[in-house]
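Shared between the two complexes below is chain A, which has chain B as its partner in the first and chain C in the second.
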Partner chain A sequence: MFLFIAIPLVTVFVQSFYVTQTVYNTVSVETCTPSFPTSICTTSEKSVPVMDKDNNPVTKTVYVGLDTYKSVLETGKVAKLISSGHFFDIFSNIDFYKALSFTLLFTLITLPLVLGVGLLIALAVNNVSKRMKGPVIFVSLLPFIITPIIGALSIKWLFVSNGLLTRVLEKITGHEISVFANSWSIELLMVFYRVWHVAPFAFVLFYAGLQSVNKDTLESAIIDGASRFERIRYVVIPHLMPLIYFVTLIHLMDTYRVFEEIIGFASQAHVISLQWLTYNFLEPDDTGNRAISSASASSMLTMVGIIILLAPVLKRTLRDQKKG
Partner chain B sequence: MAKIQLKNICKRWGSTVGVRDFNLDIEDKEFIVFLGPSGCGKTTTMRMIAGLEDPTEGEIFIGDRCVNGLDPKDRDIAMVFQSYGLYPNLTVYENIRFPLKIRKVDSATHDKRVHKASDMVELGNLLERYPRELSGGQRQRVALARAIVREPNVFLMDEPLSNLDAKLRVSTRAQIKHLQHTLQTTTIYVTHDQIEAMTLADRVVVMSMGELQQLGTPTEIYDKPANTFVASFIGSPAMNLLDGEISDGKFIADHTLVKDIPSGLPNAVTIGFRAEDIQVTTELEGDITAPVYSVELLGDSTLISIKIGDALLIAKADKAFRVNIGQTVSFIIPPESRHWFNKEDGARIDF
Partner chain C sequence: MKKSTLSSLIILSTLSSFSYANCDFKNTQEVKTISASFAAWKAVTGAMAECGHVSSTLDSEFKTKVGSALAANPSLYEVAGVANGTFVPLLNSGLIRPLDSLVAKYGQNLNPNQLIKVDGKIMAIAMMINTQNFMYRKDIFDKLGLKAPTTWDDVLVDAEKIKKANLVEYPLGGAYKAGWNLGLEFINMYLSYNAKLFDGNQPSVNNAAGIKTLEMMKKLSAYMDPEYLIADPTFVQKQLQYGKIAMANLWASRATAFDNKEESQVVGKVYMSATPKSIADGRPASTMWWDGITIAKNITDEQADNAFRVAMQGLNEDMVKKNTDAAIWLVKGYKPSRLSDGAIQNAIDRTPSYPLTSKIGLMHSALGKDVSDYLTGQKTAEETLKEVEYDYITAAKESGLL
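After this line comes the complex of A and B, so read on.
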């Protein structure tokens, strides 16, 4: 725990307050061009990296406090946009907020879908005949077994301009379809992919939970006059509640760090996520520098986001546990 | 209030037979108990009346309606389950109110009806609790209140006392009896406990292997068991049964010679007698004379048992009666307390 979680966490936290830069020296450089009668010399000032004796650039790390956070959050730009009345431009112009809004939206849209689809599959599997159960469970679990990036790519290839499904849809509708030209259609595809990929996880847990539903209570409900839907609402769902909280917790944690979809669907041009932003900071830029402190700040902010999202669910779970 | 009729009911799962050609007329306001060992089909029969199982053959009437195709909710019944079947996420109040809410009964009447039902089972001060905060007996009372709140035509109770401890069982049993007497609702009660059957029932249905063995009042069942199965199932201890042969107007078995027997008995018979009807004596001139197998002190009486072949015969002697294990005793069976059964099929032989 300490070695693999606490130490990296603390170092990332510390790193986000420091910036490591190459030390530059300002030197006067006299440039002379041969001419007649004398050469023309101009003197200019230039910054050059200071080299150590092995001829490597000298770097120094300075404490910058919350400056990195300010630069990731672009507080100045936000203030300016708000004061000029373009509040909503924050979410399209500034990377961090663009990523935040997509990540949140993605997390909150997929959550009920995953819970709902998971529960539906579980109820369906619970009702099929014994002989069919094995194969049905296997097929339902397949999407969960597939490597996320492969899954995302295979879905993408179905929908690219010359993909199989695009061709079929074009044939049916008679219109030209380009799923990857619009931000909304890519987002839709990403949501679809995530639900397809994660619902089996919810299904397995819910299916296990369904096996321990009290049969007497279900039959009491039948006799009391509850319809199939009312039985699910009043007996099955309350019974599955601890599992629903568990799946919610896992899903919030997992989806708030959405990353594979961005890469798999190559959606950077339209939508980005917080995790992808961190990744982007870590990628070397044109000069070969990695913005490590920005990446640290952005990952700390991601973590804070997860904690805020999880707090109400954790609180509820703890309360239920105390009660039960 | 309703009569219930079962006509030629069969229940089969593949080649397994649950209930075989079962016929029964239950009178309005009657308290009827299905009694039998595990797997005898008593619960299956009740579940078919409830609509939780469909009969393979036969018809079920509640009142004048044939309810074969009806859903449980349309049969106007209420059921109490062995493990209570309460909704754990709802309070006692909401549990009792649930049938009213689901059936969209006028909500203005809910409060009054819930309180009336909960007062009848003395739950008045527990309405805000959750089922997990209640004892077993209280939970079963919640289940009873939930059953009576809707004032259905028929109550079905599936071993409602089995999960309770002995003391609670006695008090809840009395409560159920009182409740049925007050409400005058036709009640079917399933149990494997013959004491519950004897104490509660207007009539008892004794079942075994999916078939009806005997239908009668508790006294009839106790005094005139229709066959050796019923005889061995009813009473505590159950009736003693001993196989033997008739020769020269006497019943003969190991250690046994019973004189003054009725004429017309077949050769192979089984004699039956209840423990409380026998006299035990240490003088060796009774009907059965054998060494004592065990002595059990009950407080109000002493049980003396002897072993003849595989049969363990028990007699109830006075509480002051003392013998040692191994000492020889005699059982004297008064002629009016003897029951005779055909050894072949176990059927009662009446004269």
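After this line comes the complex of A and C, so read on.
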């Protein structure tokens, strides 16, 4: 616990306040690169790293306080946009808020869908004949065991302009379909994929919960003339409530870190998420630069977001446990 | 068990007797190489393996590994294959050694333009050049009476005609995938306006040339598959191979794919020309890249000597003759073919090299991330360029450049 959770967290936290920089020196350098028929040699002013006596680049680490957070949150630009009355531009113009708004929207839209679809499958499976139950449960679980990134890539290949499903849909509708050309259609596909992928998890838990519903209560509800819907609403759901909280908790945590869909669908031109933003800072560019301090700050902010999001659910679960 | 050991011994011995066939000497020391994974590297490492005791790692994600692999002491690889971009971090961290003395000893067969010199010292040996050049369907162009375009404005005119003729699904293709590819497309087009990306270490893209570049990219994108922001070079290559597009500015290293009967439906129909220019007196809107070998610093001089000697066997005439079409080789014995026309014309027209600096990486990332905001209509051209400069400055400050 301490080794694998606390130490990395603390190091990331500390790193977000420091910046490690290479010390550069501006010199005039002649470089020759190949061409036809001869090389092209150019002399230009270049910033090259200063080397120490062992020929390793010299670096310095400086304490920058909250500067990195400020640059990730782009506080200056936010203030400017608010004062000029363009408040909503913040969510389309600045990466962090663009990512935040999509992440939140995605989390909150998929949550009820996952709970609803999971419950529906569980109720349906509960009602099929005993002989069929095994195979039906197995098939319903399949989406959940697919590696998320592989699932996302498969969906992309099916729906890309020359993909199998797009071709079929184009034949049927007679229209050209370009799912990956608009942000709304990409977002829709992402929601669909996430619900398809995670609903089986909710289903398994709910199905297990359904096995322990008090049969007597159900029977007396039938005698009292409760309809099927009323039985579910007043008997089954209250019984499943602790499980619903549990699924909500796990789902919020998982979905707030939405990442595979962005990479799998290559959607960064249209849609980005907080986790992708951290990845983008951390990913070295061609010349080997990476923004570790910004990545640390961005991941700390993501964590704060998760905690805020989970607080109400956690509070409720704890209260229920105390009661129980 | 015994049987399988015996048979593998037989296989090994036949392999090794065959291996020394095209190598001038018998290598006894182990040489390990790491490089990107494409046809040219397969050819070169294959030729090196003929000397024996060579093991090669060809890895398309090699750029994230090569730095730490060479930083180990002793280095995990003796030979690292690099390109313009990936060369810079190795050079800046002092992980590769000067090759002057080794070139004097073993480099008699090298062409002078293969030597990559930094500050007077030879730091890498280039083996091939690569550049994005214009590729078009000659049959379609002939049918409509069009000539290979020389400026991007001509491309727009041609694209309109091809669209009207309705011969292909989309007139134009482009590797506009958000990220690295899109960033490079901007850089190519922008440099062709004779504009500069930097003013010292400060960014300078928010200017008339920057706005014109964005506008041209948007105009061109109207003739592409609407999903152009996820189109990487492989996607565009397939579009051209399957006859879905009529032209594209694509990597020369992919040219042979169009004459590959197994996967192309347009064999013999795709012709190459220089990349169109942004303005008539500009240079082709492309950048020159090279791939080549470097030798790690953290190995003994003796190992370096041997590794370089083996590497030279990978870059000999014999290899080039067997793999003429795999790349635009700089090695002696290379004879250009129809498919290399465009790239060579680009070189003759003085297409600028992709810069060898660390700031270009930061600029490239910022462009790759932000240019799509203009193309999707989320920002105006000026806002987009401002954002690019902001992102560049933020990253440059963090890395210590500013």
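By our rule, the second predicted complex is superposed on the first by the 295 of 324 C-alpha atoms of A that agree within 3 Å, B and C clash if a C-alpha of one lies under 4 Å from a C-alpha of the other, contacts with A are read in each partner's own complex, and residues count from 1 in each chain.
We adopt the following convention: a residue touches a chain if its C-beta (ideal position, glycine included) is under 8 Å from a C-beta of that chain, and two chains touch if they have at least 3 such contacts.
Since the structure is predicted, the reported quantities are computational estimates derived from the model, not experimental observations.
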First (chain B), second (chain C), both or neither touched by A:Asp216: first
Touched partner set for A:Ala226, first chain B, second chain C, both or neither: first
First (chain B), second (chain C), both or neither touched by A:Val235: first
Which of chain B and chain C A:Ala266 touches, first, second, both or neither: second
First, second, both or neither for A:Ser35, with chain B first and chain C second: second
Partner chain in contact with A:Ser293 - chain B first, chain C second, else both or neither: second
If touched residues of chain A are counted for chain B and for chain C, the larger one: C
Touch list for chain B against partner chain A, complex: 50, 52, 71-73, 77-79, 81-90, 98-99, 102-103, 132, 143, 146
Parts of chain C lying in touch with chain A, wherever the complex brings them together: 63-64, 67, 84-86, 88-89, 92-94, 112-120, 126, 129, 177-180, 182, 200-201, 225-227, 229-230, 238-239, 242, 244, 288, 290, 297, 330, 344, 347-348, 350, 353, 356-362, 364-365, 369, 372-373, 375-376, 378-379, 383, 387, 390, 394-395, 398-401
Of all residues in chain A, those that touch chain B in their complex: 214, 216-217, 219-226, 230, 234-235, 238-239, 241, 324
Touching residues (chain side chain A, partner chain C) in the complex: 19, 21-24, 29-41, 45-49, 51, 55-57, 59-60, 68, 71, 77, 92-93, 95, 156, 160-162, 176, 178-181, 183, 265-270, 280, 284-289, 291, 293-294
